[in-house]
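Below: a set of structures, written as structure tokens.
The two complexes that follow have chain A in common; it is paired with chain B in the first and with chain C in the second.
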Partner chain A sequence: MSSRSVLTLTQRELLDALRNRWFIVYAAAFLVLCISLAAMIVNSAGYAGISGFGRTAAGLINLVLFLAPLMGLTLGAQSLSAEREQGTLAYLLAQPVSLGEIFLAKFLGLAIAIAGAIAIGFSISSLAIMYWSGGAGVGIFLRLLPLTLLLGWTTLAIGFVISAVSDKTVSALGIGVVAWLLLVLIGDLGLMGASVAVSISPGMLLTLTIVNPLESFRIASILQLRNSIELLGPSGLVANDRFGDLTLWVLVGVMIVWLTGATMLAYVLARRRELQ
Partner chain B sequence: MEPAIQFDHVSKRFGSFAALDDVSFEVPSGQSIALWGSNGAGKTTLIRCMLGVTAFRGEIAVEGFSSAKHGKDVRVRIGYVPQVMPLFDPPVGEMVDLISRLRGVDSAEGLRLLERFELKQTLNKPVKSLSGGMRQRLALTLALLGNPHILVLDEPTANLDASSQKDLLTLLHQLKDEGRTIVFTSHRWSEVRSLADTVVHLEEGRVKEMGAVSALALQQDLVFIRLVLDESSISPASTALTSAGFQPYSGDGSVHVTVADAHKMDVFGALSAADVRVRNFTLEVEE
Partner chain C sequence: MSGARIVLALVLGSWLIAGYTTFAKDAEETSSGLFHLVETDPVPDDAIRVCESCANNDLQATIDSADEGVVIVVVGGSWAPVSIDKPLRLAGEDWPVIDAMGKGSGITIASADVTVEGFDIRSTGRSFDHEDSGIYFEGERVRILNNRLSEVLFGVNGALGHDSEIAGNTISGQTGVSEGLRGDGLKIWYSHRVQIHNNDIRNVRDSLVWYSNECNVYENSVQGSRYGFHFMNSDDGVARRNSLVDNSVGIYIMYGKRFTVADNLLEGSRGPSGQGLGLKEVDGFEVTGNLIYDNRVGIYNDNSPYSIGQIGWLSDNVIAYNDSGLGIVPSARDNIYTHNSFVENLEQVTVLGSGALSSGNQWSYEGVGNFWSDYSGYDADGDGVGDIPYQNTSIAEELRRTHPQLQLFRFSLAERAIDFAAQAMPLFEAEAILMDDSPLVNAPTPQNAPEVTSNESTLHTTALSVSLMATVGAGIWWARRPGAGLGGA
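Now for the complex of A and B:
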């Protein structure tokens, strides 16, 4: 694998991402919502002091949970399918580069673009908080940044799997949005429904919950921000009981397994399809 | 002297369909070879095998490098022009820079080529905003970055108007005169006759005949018919013409067929028998 080719193609992918109107919309929406939240944090601190922290932290986690996966899934879903549909992938493959180099560069380019959008959103919000209130509450953004990046990249990898098997960009985007709904809403509700309908042991329920990378993110974020997940109720206690001090690392591990597994699966599927 | 390209018992299957079946021939250095045949004859698949972007059985050697084992080394040695240059979003200058860097050459070479092919004024225009003829000239510019000895062109004039076809052919003649090895596909006999030293006639994935243009059985008074059809009629028309023994080529909302002048009415007879309605047609005598 040539690092020169990967670097060249990564730069191209970054430039393409900056031209992608979907990316621009997501990045702008993320920034605006982060700043709004920053304003809320400042107001909470003003009126309720530290008691406002829980509300703003929950707001930030929910904001990230909605937007970062939507950005990762839809940008990932468009990545290979759009190139395939436009004929640009076949053209690039006729150049002295390998599919592995193109794939890696596309992933790196989009991962950097997503990281940039998240980092800009968090940084400007932090600066706004520092300007308005002298810094109280900035820590929330800083402590949540690594987990948010991991969530964005994990969902990007899942988006790549969708892209690798889709013929058309429109259908890839559709599947990406359905996957987002499944992970954000339906998976959660379905698990709640299933736990009522079928008797599921707390341990099994915890396992089924954290298999969803978004739920792993949610619990890990709460743990990161509050240093305790007891506010999650019995499931938090079960998690504490099962994993103890390793809970955060188990949750991060689940997300890393998703990230690496989905990326490898996407590459295998893309290779089978493009080079057959 | 070692041939520029050597195809040795090349076979490629898609499931039970044999796209290429035991294809063997050589392309001598500096020669221009036309791959001739109907849709599905295996021309594009052979090009993809040669570029090393698809798996196949047999062996293809490009200037001594195996396409199967050393695809990147092979692709450095080949300048590739697709049927249609994809609609890239970036400006022309950015594309030239990208391909230059991938090929390990100075992008100043790209600027010289843009000037040669009268594209320098398009430097800041998005590739997708260029006309079809300009895009194909850009594809040729990008294919020549790094000065490869071998040019591979897949139906380079298929979607061009008559004037752009003529311009591109003139450029290809210049490149041939520079001593480059050229492998191209075309469904226009006039192009084949004008540019090719040798024709490889592929049918159903096999080499049906091969030889100098003047020596082939294909050589006769030919006419090129472009049939304008409803979108839904294109596939039935291609099937009907193939069944009747013609070699149709479908693209840009029409079906093209090159046929001996004496049999031109048989084309319409075959379409009529298959209940395919022809909305319009043009007919050119192949010179």
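Now for the complex of A and C:
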């Protein structure tokens, strides 16, 4: 594998992302929503000097949970299938580059693009809080940056799996949106319902919940912003008992397992498909 | 190539600056600014002087042979523990050290009218049976002023000491020992009218005022302990302008009557039983002007006031950014809440138990309610009072109360969706746990409470943000640069 061709292809992927209307819309939406949230956080404090993690600031977790997976899943779902549909993938494969190089470059390019969109949204919002409040509550966005990047990349990898098995961009996008709904909403609603209807032990509920990388992100961000998960009731106590100081790393670990697992699966599937 | 070098240099430079600001954070220890040494009486000319190189170099013998009411000045040096059994004044100059070497108490006072000031007392024993203390006293009108107590089991421990004064002392317990195994920083037992002020207490178990009426506790700072101040069966007490930060519980009052808690900072009370202010079966209390910030539960009310005909008055408090602003048991009643600010608490008011709050509480007084940051009404006539009542309803909160395991789904979009559905379809409407019919539209702000200390570094965040933006800018520049990926070929 040649690092020079990977670099060139990554650059091409980044340029494509900058020209991709979907990406521009996501990045813009993310930026606008982050800045409005920053305004709400400053406004909710109401008076100088006091800020903290309140219900408005908690909205940041919702905002990230909503947009980052949507960005990752749909961009990932489009990636290989669009190239395949346009015939550019076949053209590229005819060049002296391997599928592995193309795959890696596409993933890197999109991962960098997503990271850029998140970084711009968070840093401009931090500066906005700084400008409006003079410093109170300024750290909240950047404290969540590493986890948000990880979430974006994890969902991007899942999007690549969808892309690898889809024939058309439209169907890939459809599957991506359904996957997003499942991960972000339906899974939770199901678990909530199940835990009310039948008795599930707090430990079991915790396990079933954090299997979902989005939920791992949510709990990890509460830990990150609040330094404790006593907010999470019985299951939070179980997490404390089971993992103690390692809780954050267990949750990050779940996301990394998803990230690497999905990337490898996507590559294997893409390879099987292209080289048959 | 030079363009690439300039961009790279700019990005690296911004990250270097951002990295530097991480370490440039001020390492200054947090201090509430309340602690200071108090003024003491001047030392008379006929005072007996004791020092290591003086003719008088046996402190205990000097005390034993001294007349009642004399002043003994101890100049520097290191001394064995002493006991005092007559009225006199022991004044340290240049911080004489009393090192108990891990055995027994530092200074033991078994007399009324004793003053001990300016000593550095270290390393008491670890016996809970003997209550090894930095200073132990049993006697009225004892004054413990401006001492430094460190590595002590109990700090200042007094019994039957009416009209005593404990001021300007710093007391720190053993670090590295869990809260429950430390001793009490202050323990005042059966001592009425004691003045406790301007002390700085850190890393101890509790600070207790038990069975002691009319005690005045003001401008103290307590950090890193279990109960900041614990009052039990003590009537007519006052706790004013204290700073209680990062304890398990800030101020806890059990039983007793007519208590005033005013202008205190109650911050960061965390842990499974974290409470800023706890009121258990207290009869008649005034809680005013406190700043209650970032606690697990801001004010915890367990059946206070206890007797019929008593009133709990809570006004002008700012209750902000707590997991739960107020935690109230359903049977608590006769509390009046007026002109308080409830700001951004994750749950503004939580019912601790099943059922609704007692309707015997008043959420406004003479047309003045409270400020609620989640109030969604309006004030068309501009009189500062919202035109529609504030009601605390959230189906998700109610679900969490009836099914505690659902707390795991806090801040999930599923939970938000349920609340949204409940708002859109009143079919699922949750029962309001309280109603404030004259909510304020502007938040009353704290006037006299100590300020919250913020440890956020704005410089660091700014530098990081700028670096991130520079990096993204450089990335875009690189992506648009033809052929750069081929190494400038």
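Here is the rule we use: the second predicted complex is superposed on the first by the 268 of 276 C-alpha atoms of A that agree within 3 Å, B and C clash if a C-alpha of one lies under 4 Å from a C-alpha of the other, contacts with A are read in each partner's own complex, and residues count from 1 in each chain.
One rule holds in what follows: a contact is a pair of C-beta atoms (placed from the backbone, for glycine too) under 8 Å apart; a residue touches a chain by one contact, two chains touch by 3 or more.
Bear in mind the structure is a predicted one, so any value in this text is a computation, not a measurement.
Following the overlay on chain A, a side-by-side fit with no clash is recorded for the pair chain B and chain C. After superposing the two complexes on chain A, the angle subtended at the C-alpha centre of chain A by the centres of chain B and chain C comes to 170 degrees, rounded to the nearest 10. In the superposition on chain A, A:T8 makes contact with both chain B and chain C. In the superposition on chain A, A:A77 contacts neither chain B nor chain C. With both complexes placed on chain A, chain A has more residues touched by C than by the other of chain B and chain C. Of the two partner chains, chain B is the only one touched by A:S98; chain C is not.
In the superposed model, A:A164 makes contact with neither chain B nor chain C. Looking at the shared chain after the overlay, A:G116 reaches chain C, while chain B stays out of its contact range. Touch criterion not met for A:L156: it reaches neither chain B nor chain C.
By the touch criterion defined above, A:A90 lies against chain B but remains apart from chain C after alignment on the C-alpha atoms of chain A. The superposed arrangement places chain B and chain C with a least CA-CA distance of 6 Å. Residues 4, 8-9, 12, 15 of chain A touch chain B in one complex and chain C in the other. Only residues 4, 7-12, 14-15, 17-18, 44-47, 49-58, 61-62, 65-66, 112, 116, 119-120, 122-124, 126-127, 130, 134-139, 142, 145, 184-185, 188-189, 191-192, 195-196, 200, 202, 205-206, 209, 215, 218-219, 222, 228, 230-236 of chain A touch chain C when the two sit together in their complex. Chain contact summary for the complex, chain A toward chain B: residues 2, 4-5, 8-9, 12, 15-16, 19, 86-88, 90-91, 93-98, 274-276.
Touching chain A in their complex are the following residues of chain C: 270-272, 293-294, 296, 318, 320-321, 323, 341, 343-346, 373-374, 399-400, 403-418, 443, 445, 451-452, 454, 456-458, 461-462, 464-466, 468-469, 471-472, 475-476, 478-481, 484-487.
By the touch criterion given at the top, residues 14, 51, 53-55, 71-73, 75-76, 80, 82, 84-90, 94, 98-99, 101-104 of chain B touch chain A in their complex.
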